[in-house]
Structures are given as C-alpha cells and as structure tokens.
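What follows is subunit A paired twice: with subunit B in the first complex and subunit C in the second.
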Partner chain A sequence: MNFWKTMVTRDRVALVAAAILGLIAVFALIWPFVSPYGPREIHADAALSGPSARFWLGTDDTGRDMVTLLAHGARISLGIAVAAEILAVLSGVPLAMIAGLLGGIVDSIIMRTTDALLGFPGILIGLMVVTLFGASLATLMIAIALMTVPYLIRVVRNAVVVEKQRLYVVSSTALGVKPGTLLRRTILPNIVSPLIVQVSFGLAVAILTEASLGFLGLSVQPPAASWGTLLQVGYSYIRITPWLVLFPGILIFVSVWALNTLGDAGRDVLDPRLRDTVEQGAR
Partner chain B sequence: MTGQEQGSQDGGRPPTLEISDLTLSLEGAGADPVDLVKGVSLDISQGQCLGLVGESGAGKSLTAKAIVGLLPRGISVTSGSITVGGQPLTSSPVNWRDIRGVLVGTIFQDPISSLNPVMRIRTQVEEVIKAHLTLSRHERDRRVVELMEAVDLPGHKGFLSRYPHELSGGQQQRVAIAMAIACDPLLLIADEATTALDVRTQAQILKLLRSLVDDMGLSMLLVTHDMGVIAGVADRLAVLYSGRVVERGRTPDVLSNPRHPYTSGLIESCPLDLKGGFRAEVKPIMGTAPIDAELIWDECVYAPRCSRAENKCRSHSPPLEEFGDLHSAACFYPLGDVPGDDLPGTSGKGDTSPLTPSGPVLFATAARGPGSPPQNGEGAEGANDVIVQATGLSVSYREGRTFSYSRKAVPAVQEFDLELRKAETVAVVGESGSGKSTVARALIRLEPNNAVVEGRRQILGADLDELGRGALRGMRRRAQIIFQDPYGSLNPRRKVVDLLMEGPRAHDLESSEPPLDRARDLLERVGLDRSFADRYPHQMSGGQRQRVAIARALSLEPQVLICDEPVSALDVSIQAQILELLASLAEEEGLAFVFITHDLGVMNMLADRVIVMREGKTVETGMVEEVLARPNTRYTRELIQASLVAI
Partner chain C sequence: MRLAPGDPVLAMYGGQIGVSLEELEAARERLGYNDPMLVQYGRWLTDIVRGDLGNSVVNGLPVEQVIAEKIWPSAQLAMVALILSVFIAVPAGVLAALRRGSLIDRFLTGFVSAGIAIPQFWLGIMLILVLAIQFQIFPASGYVSPAEGLGEWAMHIALPSLTLAITLAAPTARFVRSSMLDVLSEQFVDVAKAKGLSGRRVIWVHALRNALLPALTIVGLQAGTLMGGAVLIEWVFAFPGLGWLLVNAVTARDYPVLQASLLLFVTAFLLVNFLVDLFYRVLDPRLR
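Presenting the complex of A and B:
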C-alpha cells in the first residue's frame, strides 16, 4: 500500500520501529517451538538465577526460563491488544460512520456518549469491568476495547464528516450517484489511512493497559504469564533480581514506543500540508 | 542600462529599489538546482509605482519576497543584486530587522491572516512603531492617529480598541497598510494586496495606495496577476513569464502597444477593456505555462505557446530589447506599432482547441442565437421552454449544534426569482456574502444539511421538493453544476475515465460503446486530448481539471449548467480558454446557463440577462446591455464603476 511505502521511505525511525515490532512478533511466534524449555517447566535448582549460558535472561522465582516466559507473555499481551483493537474497530467504525453520515441527533447521541467514556481515566474503566466480570481474557479484551474505542470513533467520525462535505462528493451527488455508492467509492477509502494510524496508537494503549492491569494482578492469572503479570511477579524480588522487571519492562517500553512512532509517522504522511509538500516537491 | 533610464528621469538620484540580473534558484535534494527566476532587472524611483504582473508560477511573488529576505526554504539568490535606498541586500549578511518595516513595508493578500486576532488595532500598530522607533508615549499616540488618517480610517478611541475580526475586509487591509507605512519606509510592496477583496473595496484600496505614492512620495511595487489593477495604478509595469521579464515599460505604452506576444495575449485575455469598458470577447492564449522542472533557459520561455515562434526562438533566448522611451521586450519577432494590426500570436494557427476553428473573434454577446431575450415569453405558451424556475426562493442557515439549534435561522437568500429558458444564460452577480453561491446550490437542491429552504424550485416543471429520492436523482441529470475550485471538485483517487463515467453508471446509461471511448469523446468535446482519460486529477493543471469537471457535467447530457464562479480560481489566460469553451457550449449545443460570478466582465461576455444580488436580496434584474448602460440602482452603478479600469 502506498501509504506504508511513503511512510517507511520518508521516515527512517519508522522503519526501525516497524523492524522492532516485526522482531517481537517473530519472537513470540517462533520461540515457543524452538525453546528447550516449556513455559511451565520448573527448575527449582536454578530459581531466581541471573542471566547465564543455560538461561539467557535468567529465571523467575519458580525457576522458569525467562526467555520462554517472555515469548509466551508476548503472545498473551500482544494477543489481547490485537483482539481488543479488532473489537474496537468492529464496534467503533460502524458507529462512527453512522454518526458522521446521519449527523443530527444520532450524531449527537453517539458522540456525547463517547465523550462521557473519555471522561473516565482508562485504567478506571479497566478496573471496573474486570472487577465486575472477573479477570478473564474476554473481559480484558472488552475492557481495553472500551478504553480505546472513543478515540477511534472520534477520528473516523471526523474523517467521514470532512469527506461528506467535499466538493467532489457534492458533485457526485449532483450527478445522481447513490449514497451507498458514494460511501463505498469515496468515503471508505478516505477513512482507511486515519483508521490505521489510530489503531496503531490504540495498540500501544492496549499493551500499556494490559501491563497495568497485570501489574495490579487483574490480568491473566499465574501460571499463565503476560508481560504485565511478569512485572508483578518480578516486582516482589526487585531488590534481589532486578532483571525480572527489567526484561518485561523493556519489551513493553519498546513495543509501545514502536507503535507510537509508527502512528506518528503515519500521521505525518496523512497530514494534508505535509502530503502536499511530498507531491509537489520542495516548492 | 537601468541606471541610465533612471538618470534621465530622476536627475541622477539612485532609484529606491534596484534589482539587477536577479536569479533565484530552488535547490532540490540531490537534484540540480532549478532557476525559478532568471536575470530579472527592475527599478523603481521615488514616488513611482511599478506593477509586476504575471500568472501563477511566473515568479512575481518570489521576486517580491527576495527583497525582504522571506524566500521559502530551499530557494536562494544565486546571482544578481538587490538594493533598496542604496543599501545592498544580497551581498553581505543583512540584518533584516532593519530592513523590514523600516526600509520596506509589505502588504499581503489576506488581511485577516496578517493581523494578530487577539490584539487590538491600536496595539498592533503601536507594536510596529515600538519595534523600530523610539518615541514617547504621547508621540506614539499621535503617530497612530496620523497613520489612521493616512489610510482613511477613523482615529478615535472606539475604533482603535477594536479587534481585527470586528472590521470589514477593506478596513483590515487599511490597518495592514497603516502598519506597513508606520515607520515611513522608502518602498511599499503590495503582494496581491487587493485580490481577496470585493470589487468596490478593491477600487477604494487601490485609490488609497495610489494616493500614498502621490502624496507621501512612497515607491511602490505592486505585485498582481490582474492587468486591470496595473492599468489603474502603476506608472510602469514589468511582465513576468516563467521567471523572466518579457516586457517592461510605461503602463500606457505597454497596454496600448504591447510588443511581446505574451503581453498582448494577457491583455486580450482580460474580460475588461483596459481603456475602460467591458469586452464582448476575449482571445485566450493557448496552452499552459511550463512548470518549474520543464524550464529550459536556452530558448524563449514563451516559444511553446507562441504562434509567432520561429526556429530561432527555440534555440536562443531573446534578450530584453529597447524600443525607445523605456519600453523594452524580450522577443525576436515583436509585435508591430499599431495595436491589433497583427496579433496572430494569440490565436489562429497552432490553436490547440478544436472548438474554435474560425477567426479571432471567438464569441460575442450579440452573436447569441435564438431565445436569448425572452420577450416572446410573456404568454403562457412559452412555459414549456422554461428549464429552471425559482419562485420566492429563500434559504437560511440554522446555526449551532443539534441539541441547541437556534430557532432563528440566519437568512442567506431572500425571495429569489428566476426563470431560465432554453439556450439562455442568466448571470447572478454579487459580491461575497450576497448569497449567490447559496442560490447555485439551492436551485438543484444541493444545499447543505443545515439550510432551510422556502419557496418553489422547479426543473422542467417538476417541483424538486415534491420529488422522491429516485425521481430527484433522475431530475438531477437535467441540471448539472460546476464549481469554482477545480481541485476540490474532482476525487483525487480516481482516473479521469472513471470520473467521467460516474454519472452514466449511476443512471445505468451504459451503452454498447465502451466507457473509455465515451470518456474520450467527452474529453474531445471540452478541448482536451483523448489521452487524458488515463490521468489522475493531480496530473493536470487547473484549467485542464476545470475542463474535466465540465466534461463530467456534460456526461449526462444536461439541459442546464449551473456554473458557480467557474473561472475565478484560474489564471487569466486559462480563464479566457474556459470562458470560450462555455460560450461555445451555449452557442453550439443550446445549453442553458446559470452563471454565478463576481466579475462583471465575465458576465458581460456570457450572459443575456443578469440578476444583481446584495446581502441575499435581488437588487436589480434586466438584460445585460441594459443594466450596464443604464443601471437602475446606486449599488449596481457602484459595482460597474468599481469594475472598470480608471486610467
């Protein structure tokens, strides 16, 4: 897609970010098959050991291999984030399009509701949902989706409104083009790019939220491990074995940074002023 | 050479502004630098106004910006020199703070964006004074009042404590002028300073600028695309084309006896007769100006568009040659002495438009065929001919958000009546805010969602407000609209062939003929090459896009075209091309037109009847010639006077 190409060729940092995300994804997918240890394989003799040739990143308090745990944690953390964003897109985009296209009272109801959701700190929503429905993968996804969906609705709805008023949409209406055709041909293609950018930011928020909830003990329960739960476990031993929080922390930090960087780069490409300079040369 | 010119005029006093052999280049990343302005020499002596005229991309604004060191990033002075009041601005590092505002004052096109919205008028003007002069508080106050007087604004407290948004566009521009002249600069640069203003305001501001030159002895560089503005204000003019001065001289000399084919074409493209009055026809220049990357300097830059061009023009670049009396032009085969004796350079051979095979007079109002004056339409039997009818059409806009729509709507158009017959052209004329664009959309029920429409609007006898969705779509085939902005009205993601076939597809008018061929036929009808079908909108120039927009409108074989300022976003020479196309559509295909415009010159060329609007109300209606010759209302009279060039 042209959008990605422009973004990555224009922005070296975005390229690095994309590469890092790719590496993390490959690690999460491949490592569990390559690893000599299982995720629940306990080595009581080597509990809380530091990085060594046997355990590259050390072991946790029960003697499980940290590298393997991080890979499995990545599957859960990233999996929850991706699933939550898919949920947010599936529920948010139709709502946003309805709001943008119909306008009037429907628009007001949808948008004021999202405003209300935005009024709550995200983590509070997460806490509420998880305490109400219990900590499970499904509730986590719903909680995280609920937190990111208002931003998504806003962005998409505004894109729809802007597009709807464009002269070429009016001109197509004058030609007698049906509203459904207009939606498909002009409005949808134009909201795809801002949507991708928003989803990129949303994923970063989702990873952070999962980590926070995990740290509070509200994510998946041990022995299952997400990056957040690994943080929680490691926190108890932070004075003895700081690497237990260090490595999951680094992974969370790096993936959130990469997603935000990608989102920023995408937004730069989408900015009409910047896009003009790309199209017209340096003039 | 320039020095001698000045010397003979001014008793040896150095000119206020002297630009010699200025070259401005764009340095691209990795690529060879491109010269955007090349070898430009200009000078202005004290108390003189020099008009710098050219179309977009000619380099006129760049030249002006170079004087105040505001060149865009990547563009720099690569050779030549600029001096203001004897002080060189290009050699050593310049402290621009001592130049801008002090030696050179600048006024830009858009007054509201050059004023700080959160500062009162007094504070804004004072800021400039404080920045450059040390005056006591009392002196400063006096100076502000003086300046206000100089620009014909009230100097009292109430006015000075207003904010920019509380002023009209003309008043804002006057404040901007006051700020520009606050520190008695030697030179005033007006960069399209009146372009965004309404005709009447424009005329007043031009008068003010001229009086500043005459009374205060300022020198002025007037940068504009509008020959009419130059004709009214400038003592001398220089014509820029693709970064080169192609002609310069005293304004009356150049206007009455242009030597360069481009200058002549520019004059002939102008809907105003520069000797005062409106033209019945224009003679467009064919083709388009080269874009930066296409500039080739070892030929005449104008050769590709010039029908007088010979081999020499394509291998050598003509130098500026003196024709005596300060008049010079860069052309190997300059035009003769008598204006109009031979002007093959503007049309005729090399004419790329298939629509105008015949002589130089492309169209005239008198040539409009049957049905132009609807004098026979008094009886009821003429009703069949009525294509668009509006009776007591009023449009108002509700403001605010859904939950708080104010009960009272803001009226935009009140009691608008129109009866448009077959093959007739009605112009709706007015200044900004007159509601003319609202009319254009409301006539075919395309008004925005928050508009409330009252009254009746009919197309071919069908009341649009009583039609169901399907029937409305069907009726829309008959009446198409063309907008001012050819950039916005075409979807940038779609190819021309798809844009052109969108209408027929929507109406299931697919025929046995392949869509590509139909699109190509449409392109030919609007004077574009058949190969354009494969292009995207961004691969075309403004004029070409507007032609595509017209072709798109024609794709459904409508009976009426509603044109909302279809040429005002285009360069003069391109504007003339499009006007010519629209006129030929009216004449040859019998289309009816509703022509929304602010330009009386354009109205005069195309329209049979005119409706003058002001603040939503119809002020005057009548046949165009009648209204121009004997306007009934003071407003119309003022509009006409302001539109005409006052020499």
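Presenting the complex of A and C:
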C-alpha cells in the first residue's frame, strides 16, 4: 500500500485522476437506483429534446433520458473493459512468467508472437475477431483482451527476468522450491506493482476500443447502450442535437485520461528515470 | 471470415422484391457458398496466388479495382497527416525543451496527455461540429481528387488529416522534447556555442539534427496508430479510402472485399515496420 500512498501524495494530478475515476464509478453504481427513469423508459413526446429540468442532458432518438443512459452505459463500457482486462491478466501473466523464468526457446516463441501483435492497429484486431465470430459480449472481450495482452506480457516477462536473478529467488531455488510455487509465492508478489501500472494503461485502451467498436455498431446491440453506441446514435443526429455526441465522448475522454495519468504516476514512483518517456499505453 | 454470421447472398439481393428462395439458393450454389469451409478457403488462397481476389458481392466489380481506387485517397490522407503532425510536434517539442518548466512546457504536457487520451474519432466529430457545422469553414465529409481542383482537395482533406495529425503529434512532441533535453546537455552543444555560433543556429541545426534521430523511432510505432486511426476517421468523414471500404465491407458482409482489404492492411503494416527498421540501420550505423 506504500506504493499508492507515495503515488497520490507526491503527484497532485494523480490525485485528481483518482478522484475523477471514483466519481464516475459512483455515478455508474448509484445513479440507476436514484434515477426517476429506467434505461428503457421511452418518452415519445420528448424524443431528441435538449437539456431541460426534466431531462438534465436531454434525450436520445427514442426519448430515453440521457443521464440514465450514460450511467447504464458506464456500467457496460467499464464492465466490458474490466472483464477484458481480467481475461488479459489471467491469460497473459502465466504465459509471461513462464517465458521469463524458463527463457530459451519457450521465451522466444512467446515473445516473438507477442512482438507480432504489438503495435498492430487494435481496431483491425477488433474488426477481425468481431466479424469472424459475430458481435457478442464474449467476442468483444476476447478482441479487447487480445489487444492489451501483448503489452502486459512484455512488462511482466521483463520484470520476471530481472527478479529471477535476485538473491531471494536464487536461494529459494537452492532450497528446492518447485518452479510453480516459486512463480506464484516468491516472484508474483514482487512484480505486482508494474503489473498494476500496466493494467491501468490496459483499461484505458480497452475503453477506447469498446468505444470505437461501439461507434461502428459492433458492440452491444440496442436497446442496450454503451458509451460507444451512444456516440453512434449521437453522430447520426449531429446536425439536429449536437449535445448527444458531446457527453458520452467527454466521459470516455476523461476516464481514459485518468487511467493513463494514474498509470504514468505509478510508473514514475516505480522508476523515476522514466519520467519523460513516451508511454506504451493508449492505442 | 466465412464463419461470420450473416448471409452475403441475402445482403446482395437485399431490398429486391420478388426474389424466390430458389433463386437465392441458385446464387449460393453459383458463388460456392454451399461448399465446405475448407474448400472455400483453399479456393481463396489459390486465387490469390493467381492474382485473382474475386469480385465484390455488393456491386460485382473485381476486388482489385474496388481497392485500387481507394488506395490513393488513403495514401494522401496518411501523408498529409504525417507531415502536419511533424510540423506541430517538432517546434512544440523544441520550444518546451528550451523553456523547461515554463508555461509553454506545461501547456505541452497537458496537450500530450489530452491528445493520447482523446478518442480520435470523437475529436473528428468535435472538429466537424465546430468547423463544419457551427462555422461552416470546411466541408463535413467527402473527398475531391487533386486533379479536380487543388483548393477543393485541400478543403476536403483538411479536417480528417488535422484530426489524425493532432493525435499523432501528441506522443511525437513529448519524444522530441525529451530527446532535445538529452542532446542539449551534451558537450558538443557547448563546443558549438564556444566556437561562437549563434544560439539559434546551435539549437535548430546542431542540436535538432541529433535530437530527431531517436525521435524517428516514434514514426514506426505510429504506423499502427495511423492505420487504425484512419479506419475510424475515414468512416466519420465519409472519406472514400481503404478504412472506409473496410468498415463498409464489414457492414455489407462483402467478404471478398473484406478479406482483401484486411490482407492489404496487414501487408502494409509489416512493410512499414520493415522499412523503418531498415531506415534506422542507414541512419545509425551502430545498429548494424
């Protein structure tokens, strides 16, 4: 916990970022219970209406309350991002640790495959997977996980390579600790910090990708709405109701910024020398 | 690709009234969609080797022709965006490095983190909202070839390329800044100053040349951003390039076009990365 304390006390921007994320999370969790409207409640008399006392941020093309849609959209967008990132961690971390510990040909195979995926335009991976298996929640998560996992594997693998030469690992091996236990009990706790930082960047990429695919109509299908699909609807009415395209975009922008900023701050704490380098995160 | 749900034959005849089920079935048989998956894939591979990419399901034109007419607009967009981004990023990065900690420097830091976090296509939409709808300076969509009029061409390409350039410039500017800071602390800069060269010449000629070398790395990293970004940006601006074609093929289930354009994207990506690698070796003999 010392890691987080150092990070937030030292970096005031990180504190702001954490506060923003907290606010968005609270909004997503609480608002659906507080809202006077349901996410599928249609007000035909007020379709595409502007911000008013009745609908604070206006309504969409079917007359649904925008604030309520944004809160439910937050649950879907952030939910997909978190689920995809969990998938990436569960599949990527074991692979990366094995590559780092074993080295040699196993390392080469895993890392060369990772290199091939690295930097490949994410939206294309998304389009391929979604076209191949149809737009469902599961394929969406797989596509997003596939995009963020190469960065995760690289960071974890490099951390393991550094750790395995440390004295505590060498002595554990000498004491006869089995490789599996060594990875889980001895090495894993020591690489948690870089892992968390990378997950922060990964979540940012995941939110951006879901938004892009949603904008193309390849995320959740109506009447369900994510921030990305709300943008799609807003964009088709841009000349009539420009505010519809404004709010989901701001939420995406702000959450991605906050996650990147937290990631940057975390990395600065881990290694102050990296302060001015370009992050490997978004896109 | 053929695993995907949705029926290309239905999409092809979609909207036509009075098509019988027998006609649909006959079309499926004729186009080979009833053959086993493996047979279809084998046929596609052998056709590619023979240089035949098939015909578009939507309009029946050969895929080569459909794609060929989209390559040129996309290439123009990418080049203009890249050049614009360098013109934004290099001066901004150098200025921030020279006045480290100043207001300019802090403004750049803000611009960089915003530029990385903003969804590219949303930035495009915002630019349309302000510059095309509110103040009708630029057209909101479309493309005019330079042969039809350079002025019109520039007006149409301005917004999409500016959108791409802003998001490309953000990480580049940060890279130029840090690489400039490194170079400015090196001895040869002091030597150049001691020789009596003007400060401006030292910075813009001697230091910048050395700072740009490592900054080139970012160009390779951005090939992916540029291509991925172009897909959505072209869609937003209804810009008839490869990205627009790709999204269109996805929605129309036009498999021959979809397969061929994905193949083209992957090849282009690998080629760019290979060229960048080669370029480093030429620029920096230590890498050989």
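Criterion: the second predicted complex is superposed on the first by the 250 of 283 C-alpha atoms of A that agree within 3 Å, B and C clash if a C-alpha of one lies under 4 Å from a C-alpha of the other, contacts with A are read in each partner's own complex, and residues count from 1 in each chain.
The criterion applied here is as follows: a contact is a pair of C-beta atoms (placed from the backbone, for glycine too) under 8 Å apart; a residue touches a chain by one contact, two chains touch by 3 or more.
Note that this is a predicted model, so its numbers are computed, not measured.
Touch criterion met: A:121 reaches subunit C, while subunit B stays clear of it.
Once the two complexes are laid over each other on the shared chain, residue contacts for A:132 go to subunit C alone; subunit B is not touched. For subunit A, the partner touching the most residues, choosing from subunit B and subunit C, is C. In the superposed model, A:84 lies in contact with neither subunit B nor subunit C.
When the two complexes are overlaid on their common chain A, residue A:168 makes contact with subunit B while staying clear of subunit C. Touch criterion met: A:178 reaches subunit B, while subunit C stays clear of it. When both complexes are overlaid on chain A, the residue A:104 reaches subunit B alone and has no touch with subunit C. Of the two partner chains placed around the shared chain by superposition, subunit B is the only one that A:189 touches, whereas subunit C remains out of contact.
In the superposition on chain A, subunit A positions 279, 281-283 are in contact with subunit B in one complex as well as with subunit C in the other.
Within the complex, the subunit A residues that touch subunit B are 103-105, 107-108, 165-168, 170-178, 181, 185-186, 189-190, 279, 281-283. The part of subunit A that touches subunit C in the complex is made up of residues 119-124, 127-128, 131-134, 204, 208, 211-212, 215-218, 231, 235, 238-239, 242, 245, 249, 252-253, 256-257, 260-261, 264, 276-279, 281-283. Note for the complex: subunit C touches subunit A at residues 1, 3-5, 113-114, 116-119, 121-122, 125-126, 128-129, 133, 167, 171, 174-175, 177-178, 181, 218, 220-221, 223-225, 227-229, 231-232, 235-236, 246-247, 250-251, 258, 262, 265-266, 269, 273. Across the interface of their complex, subunit A is touched by residues 26, 28-29, 72-74, 292-293, 401-403, 441, 444, 446, 448-449, 473-474, 476-477, 480-481, 483, 485, 488-491, 493-494, 502-503, 506-507, 538, 549, 552-553, 555-556 of subunit B.
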